[in-house]
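The letters A, B, C and D name the chains in turn, as written, and every chain counts its residues from 1.
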Amino acid sequence: MNSQWNELAAIKRELAARDWFPGTSGNLSIKVSEDPLTCLVTVSGKDKYKETESDFVLVDEDGRPLTDQGKPSAETVIHLEVYKKTDAGCSLHVHTLDNNVISELYGEKGSITFRNVELIKALDIWEEDGEFTIPIVENWADLPKLGKAISEKIKPDTKAVLIRNHGITVWGRNAFEAKRHLEACEFLFSYQLKLLHAKAANLKEVL
Amino acid sequence: MNSQWNELAAIKRELAARDWFPGTSGNLSIKVSEDPLTCLVTVSGKDKYKETESDFVLVDEDGRPLTDQGKPSAETVIHLEVYKKTDAGCSLHVHTLDNNVISELYGEKGSITFRNVELIKALDIWEEDGEFTIPIVENWADLPKLGKAISEKIKPDTKAVLIRNHGITVWGRNAFEAKRHLEACEFLFSYQLKLLHAKAANLKEVL
Amino acid sequence: MNSQWNELAAIKRELAARDWFPGTSGNLSIKVSEDPLTCLVTVSGKDKYKETESDFVLVDEDGRPLTDQGKPSAETVIHLEVYKKTDAGCSLHVHTLDNNVISELYGEKGSITFRNVELIKALDIWEEDGEFTIPIVENWADLPKLGKAISEKIKPDTKAVLIRNHGITVWGRNAFEAKRHLEACEFLFSYQLKLLHAKAANLKEVL
Amino acid sequence: MNSQWNELAAIKRELAARDWFPGTSGNLSIKVSEDPLTCLVTVSGKDKYKETESDFVLVDEDGRPLTDQGKPSAETVIHLEVYKKTDAGCSLHVHTLDNNVISELYGEKGSITFRNVELIKALDIWEEDGEFTIPIVENWADLPKLGKAISEKIKPDTKAVLIRNHGITVWGRNAFEAKRHLEACEFLFSYQLKLLHAKAANLKEVL
C-alpha cells in the first residue's frame, strides 16, 4: 500500500500546486486491490494544500474505512462507482473555474464534445476526425444518487464525467494516466471557453 | 501566543503565494485571548511578501499595541469589530481583482447571493437549495465609521463582508476555517464573473 | 553531449514551471552535431513536469534513435525539418491556450503579423516600423506531411510556425535564443487577443 | 555598492517570479550615489529569469559603464532621466500584458487617471476623493528622444509613466517604495480593464 500512498500523495501535491483544491474541495483515490476492491481515498474536510500522515484512508467496496486515518471523503461513493464500472486504477475529482463554467453552459445539452483539437490525443483519440465526449450530470445533493447518475453515464470509452456547477471526475488505468486525462480535460475546457468568447465577440471581424 | 503567531504566519505565507497582498495591501489577525479581548494583527505598511520578526503586533480591544513590533494596521478596528460581533478566532482582509470587481458590480444592490454551486458547502451551507449572502458596504475613508458599517451588516450567519472597490473581510472560528472561507469566496467571485460574461455574450447561442 | 543535455533539461524545467506541457504534450530538441545531423529530442509520451534520466534520446537525421533512453517523440520529424532548413540550434514545440486560439482565429488567413509593439524586438526586429510574421499550417495528422508543410513555410527570416488547433514550433540559434523567441511569441499572442477583445467590445467608448 | 546590488537582485528575483521579464525584456536600476550621479542598472539582453554575477553594471550620469560586468541596458537613459528629475532611488521598467493594453487604450488621451479605488493609497493618495494619474508617451524608437519625452511628463507628484505598446517605468525613493508602486499600478491596470469589460458587456443587466 506504501507505493500507492506515495503515488497519490505525489498527485495531490501537483494538483495543489495548480490551486485545484479551493476551500478544502476535491477528493482523490487510488485502487489498492481488485478483489476484494479496496482503495485509498482522501480524508474528509482537510486542507489539501498541506501534507500530513493522515491525508488518505483505506476503504472497502462499500466505502467503509479499513484504517484509522479519519473519515473518508463523503464523495467516496463516486470513486467506488468508477472502479466498479471501468478498468480505472486512479480517480480524481477537482473543482476549477472553467470546469464549472463548462458544466453549466453545456448542462442542458447533457454533454460536451471536443474535436479538431490536437490535445484530445492525450485522451487516446488518435483518428484524424476523432472526437471526445464528456457526459454531464446534475449535482444531486444525495451522494449515492449522484454516484448512480455518474455510473449510468459511463460507457466503455468514457474517461471523465462533469457534475453541474460542481466539478470533474476523471480517471485512468493508473495515476499517470488519470493525471494526463485531467490536465488534458482542463486545457480543453479553457480552450473551448476562449474560442466561444472569440466567436461571440466576432473577433475575426476586427482582425 | 507563539502558536497563534505561527498560525498567522503560515496563513500570511500562503496568501502571499497567491499574490493577494499587492502594494503592501491586506491585513490579517488572530485572536489570542477572549476576555479581555486581545489579538495579533499585521503591522502597518510592511511588504507582506516578506517574513520578518515584526510582522505582527499584539493589540487590546481598543487597538492599542501591547507589544513593540510596530504600529498596528490602520484597519485593526475592522478586525476588532468582527471579534466583538461574532465567534471568530481569525479574520482576513485581502484585495483581489475579482473581489473588487464584484464589490463594484453588486455595490448598489448592497449584497451578493450565491446558490446552486457546490462550493458554498465550504461555507457550511449544506441544504439542497441553500444560499450564501455577502453584504457589501461603502468604502468609508473614516475607519471607525467603516468598522461600524461592517459591524452593522453582521448577522449570526454572516461569514464575510465586501468593501466597495476595496476588498473582502472574512473570518472563521479558527485560522483553518477563515482560510477555507476566503478560498471559497474568491472562487465564487471569479465563477460568478465568468458566468455573467458567458451569459452577457450569449455563449449558449454559439455553442 | 552532456552540455546540450543540461541545456535542454534547464529549458524543459522552465517551460514546465509555466505549465506549458499539459497532458504530456509538447516536445523539445537541441542540435548536437551538424554533419551528420544529430539532436537530442524528448522521449515520447512522458510527463514533462517530471525529471528523469531518460527524458531525451539522441536521434540521427532520419529520426532514428542512437541511444536507448526510449522512443523519440512522434513529432521529431518537425524538429529535423527545422534543423535542415535553418541555422537553428534548438527547437521548441508547446501547446498553450493562446497559441491555440490565435492559430484558429488566423488559420484561414494563413499567418499572423505583429507590428507597433515593443516586444517584437525580442525577435530581432529593430526597425521603427518593422513587423514580425508567423505562418500557420493545417494540423495534418500525417506527421511527415505536417513536417513538410512546416518546412515549406520557412523563409530565411522565419522564427516560428503555428500549427492550427495544435501549438507553436519556434527555434533559435541556441537554447537561449529559442526560449527568448518562445516567450516573446506567447506574449504577443496573449496581447493580440486582449487587444482584439478590447476593440470588439468598444472599450474606448466606455472609458 | 554591495547593499544596493543585493536590493536590486532581490527585486529582480521577485519580478521574475511574477513572469514580468518576457523575452529578456525589462530593465531595473538603483541609485548608488547622488553627486556625482551613479546607479546600478541591468546588463543588456540577459535572461532576467536567471541570476548571475554580471546582472548589473554601475553607470555614470551619462550612462557610461564604470564597472566591467557588460553593456548597460539600452534604456539606461530613461532611468537616468528619472533620477535627474525626481527624488527616486530606484526605478523599474517592465512589460506586462495589461500595462500594454492600457497604454494602447488610453494612448490617444495621453494619460490614465484612477479614483474611487482603495489601492491608490499604495501610491500615497490618502484624500477621500483623491486621484492618481499616469501620463502615457509614444514609443519613440530613438531612446534619447524617448527619455526626453518621459522626462517632460514628470511633474512633482508623478510616480510612473506608461510607454505606448511597450511598458511601464515606475519609481520610488527606495527599492521598497518602487516595488510597492509597481505592484499597485499593475493591480490598477488589471482592475480597470476588468471594470471596462464588465461595463461594455452590460453585466449589471444580467445579474
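List of remarks:
We take it that contacts are C-beta pairs under 8 Å (C-beta built on N, C-alpha and C of every residue); 3 or more make two chains touch, one makes a residue touch a chain.
Composition by chain, UniProt nomenclature: A, B, C, D = Methylthioribulose-1-phosphate dehydratase.
Every value quoted in this text rests on a predicted model; they were computed, and no experiment measured them.
For the touching copies chain B and chain D, the fraction of interface residue numbers used by both falls below half; the interface is of the different-residue type. Think of chain C turning onto chain D: fitted on CA atoms, that turn is 90 degrees, to the nearest 5.
Farthest chain from chain A, judged by C-alpha centroids: D. Separating the CA-averaged centres of chain B and chain D is a span of 30 Å. Here the spacing of chain A and chain D, counted between their Cα centres, is 43 Å. Contact with two or more other chains is made by residues 197, 201 of chain D. In terms of inter-chain touching, the protein chains here make up one closed cycle, each touching precisely two others.
The list of touching chain pairs reads A-B, A-C, B-D, C-D.
Remark: chain C residues 19, 22-25, 47, 49, 95, 97-98, 100-101, 104-106, 109, 139, 141, 163, 165-167, 193, 196-197, 199-201 touch chain A in the complex.
Of all the residues in chain B, the ones that touch chain A in their complex are 14, 18, 116-119, 121-123, 128, 176, 179-181, 183-184, 186-187, 190-191, 194-195, 197-198, 201-207.
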